[in-house]
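In the two assemblies presented below, chain A is common to both, partnered first by chain B and then by chain C.
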Partner chain A sequence: MADWDEIAEALVDYTKNCNTNERLRKMQRDWSRVLHFACSDSDVTFTMNVDHGEIISTAMGHAGAPDIVVTTTSETFCDMFWGDLNPVQKYLRGEIKVKGSQEDVMRLDAISFVIWPDA
Partner chain B sequence: MSDANSANQTSVLRRSVNSWTATATSAGLAFAAIDYLGVVSILAYAPGATAAFAVFIGGLIVVLVAGIFSELNGLYPTAAGIRLYLGRAVGSRTALSVTFTYMATVILVISADAFLIAAAIRHVLHEPAPLAYLWIVVLLGVALGANLKGVRLAGWLQTVVTYTVLLGTSVLSVVAIFHVGGAFKHPFNLFGKGAFSGVQAVAFALFLYAAFEWVTTTAEEVRTPRVITRALFIAPLLIWAVSTLFVLGLSHLVPYATLHHSAIPQLLVGKAALGTVGEIWMLTLTVLTALNTFNGGFLVASRFIYATAREGSLPRPFARLNLQAVPWLAVTSLAVTSAVVAAIVLATGQWLLLVSVGAAIEAGIYALGSLCILLLRKREQRERPFRLIAARPLATIGVVLFSVMFVATAFANPKNASHFSIAPFVVIAVLGALSTTYVLTTVPRLQREAAARASATRTKRRPTRVTTASDVESS
Partner chain C sequence: MTPKEWLTEFLPAPDVAGKEQALKDFANYVNPQKVRVMRAAGLDIIETQRSGPWVWDADGRKFLDCFTSAGSFNVGRRHPRIIAAAKQALDTLDHGNFLLCSRQKADLAHRLATLAPGDLSCTMFGTGGGEAIDFAIKLARGATQRPTIISTINGYHGHTGFALSAAGRTSFRAPFEPLMPEFVQVPFGDIEALNAAISENTAAVLLEPIQGEGGIIVPPPEYLGQVRSACDRVGALLILDEIQTGLGRTGKWWASEHYDVTPDIMTTAKSLGGSVAPISATLFTEELREFLIPNPFIHLSTFGGSDLACAVALEVLNVIEETDLVSHAAHMGRALFSGLDELAVKYPDVIQEVRGKGLMAGVQYTDDSMGPRMSYHLSQHGVLAIYSGNQPSVMRLMPSLVVEESEIDLLLSALDGAIVDLQEGRGPSEDAKATRRRPVRTAASSS
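Entry: the complex of A and B
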């Protein structure tokens, strides 16, 4: 089970990769969303704010009304943000649960796909 | 764990799909232009007002379908639900193979709508027959362009379009029912065309409701699974009311001999009821149904292709995204395939074959859904937000009933109701064989290649954590 420090470390790397990827920024230029994440194996929750494709903050706890809610284990979150797993495979096995529009769910996966196409 | 769950429950989506929108989505997915042809297929086996009785029985059976998919949706409230419940019940390979075949119906419906709208436009504009090909290309080209640009129908617009189509069809049908000069010429007899004709009429009536269960793919957009359940039970009521009025209006004003070889029954009843105004009225509604079909069909099928390619079960290029975050190869392939199928239908005049194939695949899916209920009641002990009452006997009845419906439509020949045809079954068998062969041979190879590529090009990025004594204690 991963703790918040581990997830936060993964989020820093994920944020850097997202915000420095030109193609991704262009693709997500109209995408501004509030994302809530909840670990199913601990009480860790966190919020990510995306503004025009740029991740502007990631903070512990839930803040604001979300457009997307993602629930999975803390280990899966860590591996996902480090780009060590393919989120779609976990999603299709029901191991990652998402609430939100189909378009937003796909865009969320598209981030991982663009920055780590081989995952 | 409980804290996490409670935290999760407090995260209420800023925008979520309500019951009205979910019901409109369900009804809109079911009520496509191909349904007007579906009505002609019912009339082939149950002439005159008897067809309305078949639509009613079909509606009663759909209540069982709504119960089955409500329980399955409650268990797996996700867009990938069909993969999950089929996977748990009959294995992941069978689930993938069935899902591929199921998705083929989306292409069939898109093709059918493109063909039907092209035929309707050509008819109203009095153009020569070959121009229908041009209209098919134009319609699918516009749908392709809009999809590639990432243009979506807003939820409210989709709702307005659906209710406009349902209301517009109902109003014109009422005018047709009360139009002077019409008559219900056929006696009320569900089995007037042979002992099996009643079953075939009901099986085609079931097709009018088909695809209403696709609303479960929006399960992640609603606040509670109850919204989907509500839509699954209300949408068939709307479809029943509109279809009954349309069947009665059509059989009251237009002789079956005229419908027999026509791909535009809705225009014929429009013309008979209100002249040119009625014809334009029904053409407008037909074009409007395409907005829902092209919007919903392209979206559902292309996202399925994207997810399957990302999973590694389809070639990777199908997951490629353009700058609008649209899987462009998936969308383009859908449009091209639909155009080819529509052109084949136009060239061969076999549009009722599409209805038979679609009806049979849907009946097969309903039989499988019933089987899933039976198997998952044993395997999944989790609490369900919706539980089908008397699940075991009802699901058993469902397996048998929908299997009979599958046979009734897979061997039907609506152009010659007193004969059977193996053509629909052959099409389904080819589709099933292709997807099964693909799943058994190509998918394992793709997955091996993906694994080899990943191990050759990637190293684990996540830093290895040093385990401390306190970690061991806490674990």
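Entry: the complex of A and C
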């Protein structure tokens, strides 16, 4: 089980990868969302704010009204944010649960695809 | 001849390398993310042989096609009579000059007039459903000289200009706004909402008799009649989109027959082309045709109602009628719904509701993620089925109308097995990563 520090470290890397990727920023420029994340194996929750494709904040706890809620294990979150797994495969195995529109689920996967095309 | 006597079992030689190359080329030259998503979902199928209700993947796997390109293969895939008609047409015809009058267009329009509900005796041809809806809306506005079009939330009518403006899914519209003005959406099945929205500015109310992409939503029995009355009260037209529901899909020629309602304008497409020709038709009354008398060239389509496609479509209508496919669909639909109801009782944690008519069935799962997951699991059991785009918790089951009881049994058995797989948390095998980016934590670093 990963603790918040480990998840936060993964988030820092993920945020850097997203925000410095010009192709991704252009692709996602019409996408502004509040994402809530919840670990299924601990009490850790966190929030990500995306504004026109830029991740402008990540913080522990839930804040704001979410457009998307993602639930999985802390380990899966870490692997996902480090690009070490294909989130669609985990989603189809029922190991990642997403509440939100299908378009937003596709957007999340597209981020992984652009950053880590081989994931 | 029974609906499927003509079927022959054909197993193309598996070509895994060819399939991979096709997927690679598709990714490179069409869309890589589409390939990634379809691959992950177990739907990376490269169709080779297609026959009746069946389709084969290039890797040799055989699938019962319950997606049928959203209901485009009512007569089955590559029906021999349709193929023969197409070949015969190719021997003598081509698209034809769209500005000229044509024997084939006239024959098909005449035939459609005899099959259509009420007095919808006139036709404008197109190449696809969106074009048919575009013309329906243009005709409604032109004939009534009113601006407003009322459609329904979660309704689906295609991706062209007017049709997209009527789409009931915000995500389809939003990137392209501003779209056409004076389009209003109301909840489907809610007559009070429609009564509040409709006025003497309303040119037409546009809806599907049963929402397809919206999740196989069957309205209350009295709804369509109430919509008809509301339209009549203010002088608005009723446009019924029968593109998925028509041509026998629901166990009647047109779904509007279930409700004893006649529209002013009706669209049909998809299965009209018999799986081999793109064609759509917008049917309307002689009264509405008055608008086209001084404007005979107001709406043109180079390939709409091409002579080739009309010849094919005419044979499609012959096949549906002469093989009694409409009654057959109703009969098979009863078998399908009987089995689905049993599955709903057996798996209440997975199936929330079963709904639909004829061979247009929707399985409402208890969770949004179950639609995509069940698409994957069904593919592993030899069934091609894709969840509803506007409602991912709903699986659409729309097999060809030529299915027989043995195939309905196979579908039900596949659903049973897929639900067990879902409950046991099975899924696509995870790709092994050669290298991991995530740092390895030691006890010291994590303390």
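Simple rule for what comes next: the second predicted complex is superposed on the first by the 119 of 119 C-alpha atoms of A that agree within 3 Å, B and C clash if a C-alpha of one lies under 4 Å from a C-alpha of the other, contacts with A are read in each partner's own complex, and residues count from 1 in each chain.
Going forward, a residue touches a chain if its C-beta (ideal position, glycine included) is under 8 Å from a C-beta of that chain, and two chains touch if they have at least 3 such contacts.
In this text, all values refer to a predicted model and were calculated from it rather than measured experimentally.
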Overlay done on chain A, so just call it for chain B and chain C: clash or fit.
clash
First (chain B), second (chain C), both or neither: which does A:Cys78 touch?
both
For A:Ser40, select first, second, both or neither according to whether it touches chain B, chain C, the two together, or no partner.
first
Identify the partner contact of A:Asp67: answer first if only chain B is touched, second if only chain C is, both if each is, neither if none is.
first
Thinking of the overlay built on chain A, is A:Lys97 touched by chain B (first), by chain C (second), by both, or by neither?
both
A:Asp109 contacts which: chain B (first), chain C (second), both, neither?
both
Mind telling me which of the two, chain B or chain C, contacts the most residues of chain A?
B
Kindly classify A:Val88 by the partners it touches after superposition: chain B alone (first), chain C alone (second), both, or neither?
both
Would you check which partner chain A:Glu6 touches, where first means chain B only, second means chain C only, and both and neither mean what they say?
both
Overlapping segment of chain B (options 6-14, 186-194 or 258-266) - the one that collides with chain C in the superposed model:
258-266
Overlap of chain C and chain B interfaces on chain A (superposed complexes)
6, 9-10, 13, 78-79, 82-84, 86, 88-89, 91-94, 97-99, 101-103, 106, 109-110, 113, 119
Write out the stretch or stretches of chain A touching chain C in their complex.
3, 5-6, 9-10, 13, 30, 78-79, 82-86, 88-95, 97-99, 101-103, 106, 109-110, 113, 117, 119
Which residues of chain A touch chain B in the complex?
1, 6, 9-10, 13, 23, 26-28, 31, 34, 36, 38-45, 62, 65-69, 71, 78-79, 82-84, 86, 88-89, 91-94, 97-103, 105-107, 109-110, 113-114, 118-119
Can you check the complex and tell me which residues of chain B touch chain A?
1, 3-5, 7-8, 10-15, 76, 78-80, 83-84, 152, 217-218, 220-221, 299, 303, 306-307, 310-312, 319, 321, 323-325, 453-454, 457-458, 460-463, 465, 475
Mind pulling up the chain C residues that touch chain A in the complex?
32-33, 36-37, 40-42, 171, 174-175, 367-369, 372-373, 376, 389, 392, 422, 425-431, 433, 436-439, 441, 446
